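By letter and in written order, the chains are A, B, C and D; residue numbering begins at 1 in each of them.
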Amino acid sequence: MSRKIRYGMVGGGRGAFIGAVHRIAAAIDQQIELVCGAFSSDPQKSKDSGADLFLPADRCYGSYEEMIKAEAALPEGERMDFIAIVTPNHVHFPPAKMALEHGFHVLSDKPATFDLKEAQELAKLVEKTGLIYGLTHNYTGYPLVKQAREMVHNGTLGKIRKVVVEYPQGWLATKVEESGQKQAAWRTDPTKSGAAGCVGDIGTHAENLAEYISGLKISELAADLSTFVEGRLLDDDANILLRFDNGAKGVLHCSQISVGEENNLNIRVYGEKGSLEWHQKEPNTMLVKWLDQPMQVYRTANGYLGAAAAAGSRTPPAHPEGYLEGFANIYKNFANTIRARMEGREPTVIENDFPKIEDGVRGMAFIEAVVASSKANAAWTKVG
Amino acid sequence: MSRKIRYGMVGGGRGAFIGAVHRIAAAIDQQIELVCGAFSSDPQKSKDSGADLFLPADRCYGSYEEMIKAEAALPEGERMDFIAIVTPNHVHFPPAKMALEHGFHVLSDKPATFDLKEAQELAKLVEKTGLIYGLTHNYTGYPLVKQAREMVHNGTLGKIRKVVVEYPQGWLATKVEESGQKQAAWRTDPTKSGAAGCVGDIGTHAENLAEYISGLKISELAADLSTFVEGRLLDDDANILLRFDNGAKGVLHCSQISVGEENNLNIRVYGEKGSLEWHQKEPNTMLVKWLDQPMQVYRTANGYLGAAAAAGSRTPPAHPEGYLEGFANIYKNFANTIRARMEGREPTVIENDFPKIEDGVRGMAFIEAVVASSKANAAWTKVG
Amino acid sequence: MSRKIRYGMVGGGRGAFIGAVHRIAAAIDQQIELVCGAFSSDPQKSKDSGADLFLPADRCYGSYEEMIKAEAALPEGERMDFIAIVTPNHVHFPPAKMALEHGFHVLSDKPATFDLKEAQELAKLVEKTGLIYGLTHNYTGYPLVKQAREMVHNGTLGKIRKVVVEYPQGWLATKVEESGQKQAAWRTDPTKSGAAGCVGDIGTHAENLAEYISGLKISELAADLSTFVEGRLLDDDANILLRFDNGAKGVLHCSQISVGEENNLNIRVYGEKGSLEWHQKEPNTMLVKWLDQPMQVYRTANGYLGAAAAAGSRTPPAHPEGYLEGFANIYKNFANTIRARMEGREPTVIENDFPKIEDGVRGMAFIEAVVASSKANAAWTKVG
Amino acid sequence: MSRKIRYGMVGGGRGAFIGAVHRIAAAIDQQIELVCGAFSSDPQKSKDSGADLFLPADRCYGSYEEMIKAEAALPEGERMDFIAIVTPNHVHFPPAKMALEHGFHVLSDKPATFDLKEAQELAKLVEKTGLIYGLTHNYTGYPLVKQAREMVHNGTLGKIRKVVVEYPQGWLATKVEESGQKQAAWRTDPTKSGAAGCVGDIGTHAENLAEYISGLKISELAADLSTFVEGRLLDDDANILLRFDNGAKGVLHCSQISVGEENNLNIRVYGEKGSLEWHQKEPNTMLVKWLDQPMQVYRTANGYLGAAAAAGSRTPPAHPEGYLEGFANIYKNFANTIRARMEGREPTVIENDFPKIEDGVRGMAFIEAVVASSKANAAWTKVG
């Protein structure tokens, strides 16, 4: 095949945050091109946003409905191949559904939907249409996260006993949603964010990371949600006990009121023979601990890493890779899976390594279980 | 006064671990001298152990009962001033009780007693005798832990919202208690260790540290205890949700099966205006985080620290101070408080800064609450 | 203007390292597009390499000479705007010269040329043509490096007294150039690399970083070069004393035989009032030290940073930015400066912040001084 | 033998810094006791200082001459066994000489003497008397420094190629010697400190550490000394190129004007097969790097360490050991070597591991070479 994979974007107009991240992630490897967008519900803003991106005006739509219909009417090879959804949570499901129904693959920001019911419906639709659905739980795109997963999978650590995963942030420690901060406004609004605030926004990342690396499922949890900022309608802090399906135990805590924390997604996985520790803040380093030997420091892009980690790197050792490259790995694998289909072949294991609708359903089930547990004073609650 | 404070030791014979630590802690500042000991229940081993320490044979006793009686019969100025108890948990209370009843001050290793009932009885006896009781929750002896407490107390961080405290170790990840490892053997034996294993041994340190720094009390908790090593009789891992008396929330997790972890006591305290982070592994560094300013790195012994931290240092900045110096700060303050009494004056605030029987009672109440909660499937349980 | 800036690439065919980095750096911000290339001196390999990049065959040339001529014959708006040179050192000058002579802007990998004489000739040509020349001393593209420069420039640290800059690597600790490793082969070949090996490859990065941040010039140096791997023809290790034009002193050491070091470019700048420390390995953190206050930890993308650092970030705090983003900042500013010219305006200070031919001349003068000093047994030697 | 080793102290009266450190180092292991002192040249201050230490007034002397004579007149078993010299540099040699002449072993603070000539004379006297002389280059007392030495000695790293050692401090960045700061005053006074300032005070520690770990000797050096604080009479910053006797190269830089640095003694040793990195600020961690394997993190007190490191620890892993414990290891080994002689046996290899007069002579030769080289504009100068 001799062309780039084409996509259209829903959301991500001027001033948005995550839309720009998606576009960079798509652009890095030069295998994907943006061909259209419904960047804003304001048609003029959508056109202006598209013009910033050198898109022709007639491919800048005033709504995702318009875009999907118009693109579906274009010939293959001209029309978009997939849509990227970068809107607030309550606008994840509708465009995903419509795109699938019109034959487009979907790459959506997380969480997959507004609630579990939508996610389950979406899963059915993905299955029915046979189209490719990806979810940007981007932290699983880091090379060393892939290495961690591989080492657990290979039994290098022995049976997993404990997982500690945490995601403290501090940016909502004060009531910034009243200051006109758009990112804060919708995230703290239950009509846009969903049943949970902090847990939906970042707790699901922690949950996804823990399950991705450990290969385990959280079977039940006991959650204590808090809202520390007065008048806020959703949780801004969560402390959760975990039990996994293999008998492992765990702790997940996340917060958006932890003053001075940036994006401290951290995970420790303890097995019978060895342990892993990874910090998103310094994503190119992973600590590997042993019973009777010195701790080892795994670093991105070195020759001793496995195939998944190797495939996730674009530069030699000690050229630090960051958030955007990890994000781009989701795009890359997703697009390569589309490309495989175009080429009439199965995607490789590495190409097929990106979060899917099953992860989306897990995330929504996790949110619902957390909220239910917390309402029941942290009673143990099954997930899914 | 022109003499050192004198003490006798209960336990700590040849091959013991914590006894040697206590003796170093007592020796560092050259204000305290070891004058006698009941180092072992084997009289010959007690004498041999004492000989290693250059003690005369007639001050090396075969039991604490013998020691307390014999020393009590010596004239003041010759007899010991206090006893240091460094035995396994089930032999904390009896010598403490007897020493107090014979007029000796007591410095005991933690936890204070075998169970809460004993601790409460001991508290009454301390109050009744008016003698001085200290407990070696040694981590509160670190200068930067004192700085942390002072900063919280002064309101520098604003109202505290969240505390995350953790104490993972890995040394009991396999069944070392069957290998003749003496430290492991009694710690995993419910008749010697008490109702909890990991929680009693290190969980109480975490609990004490959290309450010491935050100035808060844990009001209730939800605990999930595990025993991962087959056949072990006590918990070797614990995940606990915390609620504090001011409405703050928290997480405490501790473990002795976290492969490759040494003694990773870590604490993060989040307030409305700022946050603190301290790691025992690098005890001379404390991170202080702010809403809108760069994180600061506080370091032991610098001029910008407060009085308590300053008093806890023996060397200039960047001469790393460690575990033994922190431990010695407990001894120093305890001994200075005895000295103050000898001199007929009140101890200063700094001298009086060491863990007391109240901390011991809290610790035992914590253990009992944790065990009760876990038995009730992590139901919320009041502490004390 | 409503189009992307266009470029052609010289070098960077299949299997090359730095060419791919340049293409990613150009692609990230979606403001620059690759329109042609002379990827290899083998015309078929050049076409194949171009096909991987979705370039039409007629824009994939068999030599830079062919490319420059052919592109010059295309109408503006179709032809490339600049060339990116990503060949080994001895092929930097010829295409740069020819491109300038044909009216194309030039972005070149470092060092600028094979020797100082070429660099001086190139500088004259740049001046004469008035075209824009950029050099990818990419480490100056990191946001915190820009912050460091700004803080020094603003006098925040006081007068600079000392600079310690180091760049140890370990990848040439054995004779890998004999194993078919292409990167190693030309870098250790004096006919391709130039008068210096390690010093030309990475020492110039250290030199450039020190001068960029400090705003000072190295006036003289005393260098001790070594070749540790037997039979190698160029230096693989260098230790250099520095004296700066304001009286400051310094040390620069670099190495490619420092086993286990990845790309540890580190710099410390000491002033009368404060100091800075930055490590490329963790590029989103910069330590700022003061006389009597706690050290501060500056982090990329926070609100307290200055304008240059802010402009260099694409994501919020704690979304780690890496090597590729820093590299992309060179491309971004270079391209924006071209765009400014197209728009008939002066570039802003931020747009104009990229390494230029003056930096290239400095680098070559540095190499020559180092080699001369070392031959004279580390005698003090003027730079330039 | 059934008694502690006894010592008298020269210097270290009230308000002194290093004297108190020596006393703690001697006290920690409870094998050494202070029996007398000439703490000050003011007899009353000497008595008062001794009283603080619970010494009888008649063992508190007004001068070292008085002390040595009086103690020599006491019977063995009552008199001191050795003297500890903790005075400024110009008062190291005289008491050392007199003590040796009166049959006392000597433990001296560093540098050994005021100049090289004195050191050579002292070396002859040590040889002639056959008494034991120790020098507190305390950093060699850290367990992981001993481990480093052992690993180099065992060939684990292969042939050593490069050593980078640095010791930046910032406490003399301003003219504190004029503020009444006693430590600063004598260190910047050439009549008390010797020919060098910064180099004598901390450069010798760096030199000693490099030679101790590498097992190599610095054969020649090129030094650039600076005095940044106006009016100061001695160097406060030094940058030095090193050549070792096996052909290895190196860099040593030290500074007392590096604002914000505490006591950052750092060393990196690069061999053909592996490398080591150790930072005094976090002395319980050593990084070990390999050609093709992940970096390892060695930590104090773990079972995988060698005999020398094991013997240097007093606590289990992750009970951080610090400056005082490292210092105490010098005292312990020195005292055990005295004890071996008392017992009529050879000291073990571990007991005999402490800096000796040979190290003292090396240090003074290093200082002289550095000063001579710097005067000759960094000309290469032989050491010793």
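Heads up, the rule we're going with is that a residue touches a chain if its C-beta (ideal position, glycine included) is under 8 Å from a C-beta of that chain, and two chains touch if they have at least 3 such contacts.
What you see is a predicted model, and the numbers here were worked out from it, not measured in a lab.
Visitor: So, comparing C-alpha centroids, which chain is the farthest one from chain D?
Guide: A
Visitor: Quick check: more C-beta contact pairs at C-D or at B-C?
Guide: Top pair by contacting C-beta pairs is C-D.
Visitor: Return the distance between the CA-based centres of chain B and chain C, expressed in whole Å.
Guide: The separation of the two C-alpha centroids amounts to 55 Å.
Visitor: Counting only Cα atoms for the centres, state how far chain B is from chain D in Å.
Guide: 34
Visitor: How big is the gap, in whole Å, between where the Cα atoms of chain C centre and where those of chain D centre?
Guide: Distance between chain centres, rounded to whole Å: 44 Å.
Visitor: For chain C, which residues are shared contacts with two or more other chains?
Guide: 261, 295, 299
Visitor: Report the residues of chain A in contact with chain D in the complex, numbered from low to high.
Guide: Residue positions touching the partner: 287-288, 292-299, 302-304.
Visitor: Taking the complex as given, what residues does chain B use to touch chain D?
Guide: Contact set of chain B toward chain D: 2-4, 17, 20-21, 23-24, 27-30, 34, 51, 53-54, 261-264, 280-284, 299, 314-325.
Visitor: With touch defined as at the start, can you tell me which chain D residues reach chain C in the complex?
Guide: Touching chain C from chain D are residues 157, 161-162, 164, 166, 168, 170, 173-174, 222, 224, 226, 228, 237, 239, 241-243, 249-251, 253, 255, 257-261, 268, 270-275, 289-291, 295, 377-378, 380.
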